[in-house]
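Both complexes shown next keep subunit A, but they swap its partner, so subunit B is in the first and subunit C is in the second.
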Partner chain A sequence: MDQHWESVIGLEVHVQLKTRSKIFSGAATDFGAAPNAQACGVDIALPGVLPVLNAAVVRMAVLFGLAVQGRIAKRCRFDRKNYFYPDLPKGYQISQLDEPIVSGGHLDIGTEDGARRRIDLTRAHLEEDAGKSLHEAYEGYTGIDLNRAGTPLLEIVSEPQLRTPAEAARYFRTLHALVRYLDICDGDLSQGSMRCDANVSIRRPGDEFGERTEIKNLNSFRFLEKAVRFEIARQIDILEAGARVERETLLYDAERDETRPMRGKELSDDYRYFPDPDLLPVEVTEAMLEEARCAMPELPATKRRRYADELGLADYDAGWLVADPDVAAYFEDVAAASGLPKAAANWVMGEVAAAQRQDGTDAAHIPVPAAQLGRLLQRIADQTISGKIAKTLFELLWKEGGDVDSLIERRGLKQMSDADELAAVVAQVLASHPAQVDQYRAGRTKVLGFFVGQVMKETRGKANPRQVNQLLRDALA
Partner chain B sequence: MSFELAPFATLTALREALCAKHVSAAELARFYLRRIAADEANCFITLCEEQAQAQARQADAEIARNGQRDLLGLPIAHKDVFCTNGVRTTCASKMLANFVAPYDAAVVANLKAAGAITLGKTNMDEFAMGSSNETSHFGAVANPWDAKRVPGGSSGGAAAAVAAGLAPAATGTDTGGSIRQPAAFCGVSGLKPTYGRVSRFGLVAFASSLDQGGPIARSAADLRLMLRYMEGHDRRDSTSACAVATPAEGVPEALTIGIPTQYWANLNADIAAALEAAATLLERLGHRRQEITLPHTEFAIPAYYVISAAEASTNLSRYDGVRYGHRAAEPASLDDLYSRSRSEGFGAEVKRRILTGTYTLSVGYYEAYYKKAQRLRRLIRQDFLDAFQNVDLILTPATPTPAFERGQHREPTTMYKQDVFTIPASLAGLPALAVPCGFAGHLPVGMQLIGPHFAEDRLLTLAETFQRETDWHLRTP
Partner chain C sequence: MDAELIDRLMRLSALSLDEQQRRALSADLQRIVALIDVMQAANTEGVAPLAHPLDGCQPLRPDEVTEIVDRERFQRGAPAVRDGLYLVPRVVE
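Up next, the complex of A and B:
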């Protein structure tokens, strides 16, 4: 980016809370049901119905507030945000304006040079989601699906302290990991479980904030980064051409990689907020705080320090492993089963991650039980099998399952470590390749690799490579 | 059989006749349905003939088996603001002229569970906004005492139906006087319970922080009977009070009755005389009278119209022509659908309040109107709490004049002043009842008793005592 400009980015992330029922009604929140199959009288705003707060959302918001060290309001309330739109059945959204449940707090994110940077949070408040308008499916009409109406959201607002598109994406990722650790959101971005609005402006370093635009509804880390990057460039072009940035709401078009002004929806000059008279103020008691403290899991930052300090992992590896709570949990199980945390880290980041990528398997559904991978690592360590055989065996475990020790036994994968046996094979290999023996003796020692390969071939990979090397050197000396 | 069907029998008398098998529930239902069919006062919007007869047959079968439910076989009417499963609920609006709710309001379900039979749905001011029943889409209601005059509102149809002997009792709702004022105009008894005592679930909202369901009947004893089956905690209404079952509190023999001086200024002479006579009678019965002052009374009307209009303006946003209710034909655009559906569906008074409320909630006016009105509301409430340090009950006129003629109050603000005596207790959330206490010429006059929160028993006991000593409530048109 242009060195003369500094970008200022603040994010509003809508986290869909992982509750069984909606925030103000008993309807289910499952994704993918037939349109309007999960909308009850409250969700479609029949005359006479009333909202009743789902206690689970308060518990989740409190847990989040404690995790980011924010202030939890002892008493907060819900307000009505009034605007008309067909997928907003009541004509208002129940949200929190003046008295959010969480104020302040912060989130530590990694930076490009591996350091940590603290991003302050403005607030986090509870609100209900709207339904969906389906513009494409019906010629001349708009379809309305109210399944999502009333889904609980925690809107987390950052201070405008993010400075680069990459940093914005990292903040989003860090938040994503946190809410998954807290188990308050399933984190499934493809289903809209976390959506992000980015407020973007640019200024000369040291100047006041410039006019900002808001890019709505970004639902992936990559799109966030690309959209913000495009928007910064667009604003620089405008200002450098001597024009002014207009305050507006934009949508990001991923196909064309550009932002465009949004029309119609959710735009109003005045939402006429006022306290919702149908709901009582929410009281957060000391007992609720205590319950949340007891339920607090080990958070990514703590976990990361523990991996480095206690398990001796490199900081990068620790950071990689904690990014996804399911990966971290799997790693910890493998490390515990094997007693070999470093080997466990290498395998989880290497073979396991590669297999996951190939099959599109998420970390919660890794088919190789941690106990089996742990056993495999032990068998490498005690030299029962070679690293090469271990990879083959892992593939087998991934595809077909089974028990490591019985597979080694049944398939005869045990490493050959009997010196006499190996010496015989070595002698045979050297005898069959006199030309290469001569080359070696003439000083072309690289040929050693060829002999190792031949021995491995003869033993179908079971020979202990270190021993083979030694035997070959001895024989050729 | 010595029993003769009389249109003006009390619920209590009808219950005895049913138990003694002097009359059957089917005969009772038929009797009232026939009277309603012949009604020329326009008290009902919808008649539930078949349903009532079926319910009555079931009640008779249950009575034959010595069924004991308290309201078993007793016919009642519901204000058309309560949702009734399978029977249209119009709120006297073109907007909901064909709306059939798929569920029963809590009040309807509770009374049904106690065995009551639903005769039909009574006329009212549109969306309960009015003091004369003239704003109904289904036409005005005539006062049974004088067909040229209004029955009061908004529960005008309910009060007129009870007064005219079309139903022994009816449900109503009271936001700023909508039970008490029509009860006074029609010479019957009406109770607005403490806010939160009766569930609002299924009561189509006008102003959520004020709306409260309550009974209209021919005696205070019948109000007590009705209340017992209307009240109760309901977890579907977050503002429903937890412990409402107040057993008879053993009212002290001698009560101190407060007379607020502010309520007597410029009072109609006939009403003043009737109130004076009532106060004197209560003194003769051993109660003490004490002048009190409620200094913020003059602010009650403006505070009420700001708060109730603000809440109404967003409560009525759901009527947008999208999911149910009136929908404009062939809308050219979404905005056209909204504006024409709402312009065509709502009457003038409803529009006036939506506009007023929208205005007072707007940026720049919120502080000046809504916030200030809320502060006044707290002061008015405090006036009452202070007064109840010294007195047990407060006695006031129910209305400033007897029933006025249709079309007399064309100016909205003079109409709004009709509620001057009933609004303060509404703003304070206090229980208040109106019972007949005399006549102004040929028109009934009502007095209002206001009690501390949840002191319904005290109010009803004193009203019962008063009605043992007087026969105003027994007069019929």
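Up next, the complex of A and C:
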């Protein structure tokens, strides 16, 4: 980015709360049901129906507020946000304007140079989601599915303190990890469980904020980063050409990697908020706060510090492992089973992650039980098997399951550590390759690797490599 | 209550009014605004804003699925339905 410009980014993230029923009705919230099969009288706004607030959404908002050290309102209120759109059957969305359930708080994110940076939150408020409009399938018509109408959302608004597209993406990731740890959102971005709007402006460092644009509905970390990057470049071009940035709402087109205006200015927002007379003020009692405090799990930032301080992991590794609560849980089980946290970290980040990527397996469904991987790591540590054999064995466990010790036994995978046995193989290898022996003795010591390879081939990978090295050096000396 | 404001209110309310209706609405609105001016004149210093006329707080409902949706019944009253979707005149963003 141009050195003379500073970008100013604030994010509004809509988090779908993981409830069984909707925020104001008893209809189910399951994803993927037949169209309108989960839209009850309240959700489709039949005359005379009344909303009744779901206790779980209050509990989840309070939990979030405590986790970010925000202020929890003892009393808050719902307002009507009025606009017309067919997927909003009441003609208004129930939201919270000036008495949100959570105010303030902060989120600490990692920076490019490995430090931490604190991003302040403005607020987090409760609201209902709208339905879905399907514009493509019906000639001259739009199809409306109201299953999503009334799904509880927590909208989390950051202060405009993010400065780069990468930082914005890291904030989104950090928030994603947090809501998954709190178990208030399933975090499935592909199903729209978290959607992000980005407010972007640029300015000369030290100047007042410039005019901002809002990019709507970004549902992946990568798209957020790309959309913001594009938008910053677009605004720089406008200002450097001597023109002005117009305040507008944009959509990001991932295929063309560009932002485009979403709606015309004549429809500029005027939502005519007013308190919803159908809902009484919400009280958050001391008992509810206490319950949330008791339910608070170990959060990613604390976990990360513990991994570094108590388990001796590098900060990068600790950060990698805590990003996904299921990965962290698996790692902790493997570390506990093996007593070898560093090896457990290496394996979870290496072999396990690679196998997950290959099979598209999420961390909650890793087929190798943590106890088995733990045993495997112990068998490497006590030199029963070589690292190479361990990888083969891991593949076997991943595909077919089984018990590490009996597989080692049954398949004869035990490392050969018997000095006499190995010495015999070494002698045989050297005898069969006199030319390479001469090369080695003439000073081309790199040939040693060739001999090691030959010994491994002869022993089908079972030879203890350290011993083989030593034996070869002795024999060739 | 100028014409521009009436236009804007009509757009926000998605209303289409003829000239006579507009005049009637404008007259109504003027009286409503006058009433609000009277209310604004009341001294509310030191009075906490009232979010709701009822003195109470919102009862909460346990997070349980209690509504079994009879889609066909709900959709009987809809002007157009296909594949389970409500159809409305095409809206394009």
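Convention: the second predicted complex is superposed on the first by the 471 of 477 C-alpha atoms of A that agree within 3 Å, B and C clash if a C-alpha of one lies under 4 Å from a C-alpha of the other, contacts with A are read in each partner's own complex, and residues count from 1 in each chain.
The criterion applied here is as follows: contacts are C-beta pairs under 8 Å (C-beta built on N, C-alpha and C of every residue); 3 or more make two chains touch, one makes a residue touch a chain.
Since the structure is predicted, the reported quantities are computational estimates derived from the model, not experimental observations.
With both structures placed on the common chain, the touch criterion links A:Gly41 to subunit B and to subunit C.
When the two complexes are overlaid on their common chain A, residue A:Gly140 makes contact with subunit C while staying clear of subunit B. More residues of subunit A lie in touch with C than with the remaining chain of the pair subunit B and subunit C.
Residue contacts after overlaying the shared chain place A:Pro86 against subunit B and subunit C alike. In the superposition on chain A, A:Arg77 makes contact with subunit C only, while subunit B stays out of contact range. Contact with neither subunit B nor subunit C is seen for A:Gly32 once the two complexes are overlaid on the shared chain. When both complexes are overlaid on chain A, the residue A:Phe274 reaches subunit B alone and has no touch with subunit C. Within the superposed three-chain model, A:Val52 lies in touch with subunit B and with subunit C [touch as defined at top].
In the superposition on chain A, A:Gly242 makes contact with neither subunit B nor subunit C.
In the superposition on chain A, subunit A positions 41, 44, 46, 52-53, 82, 84, 86, 142, 144, 270, 272, 277, 279-280 are in contact with subunit B in one complex as well as with subunit C in the other. Of all residues in subunit C, only 8, 11-12, 14, 51-52, 54, 56-67, 69, 71, 74-75, 80, 82-93 touch subunit A in the complex they form. Contacts from subunit B toward subunit A in the complex involve residues 82-83, 89, 91, 96, 99, 101-103, 105, 200-205, 207-209, 235-239, 310-311, 313-314, 317-320, 322-324, 334, 338, 358, 361-363, 366, 370.
Only residues 19-21, 25-28, 34-42, 44, 46, 52-58, 75, 77, 82, 84-86, 99, 133-135, 137-138, 140-146, 251, 262-263, 266-267, 270, 272, 275, 277, 279-283 of subunit A touch subunit C when the two sit together in their complex. Of all the residues in subunit A, the ones that touch subunit B in their complex are 41, 44-53, 80, 82, 84, 86, 89-92, 142, 144, 264, 269-270, 272-274, 277-280.
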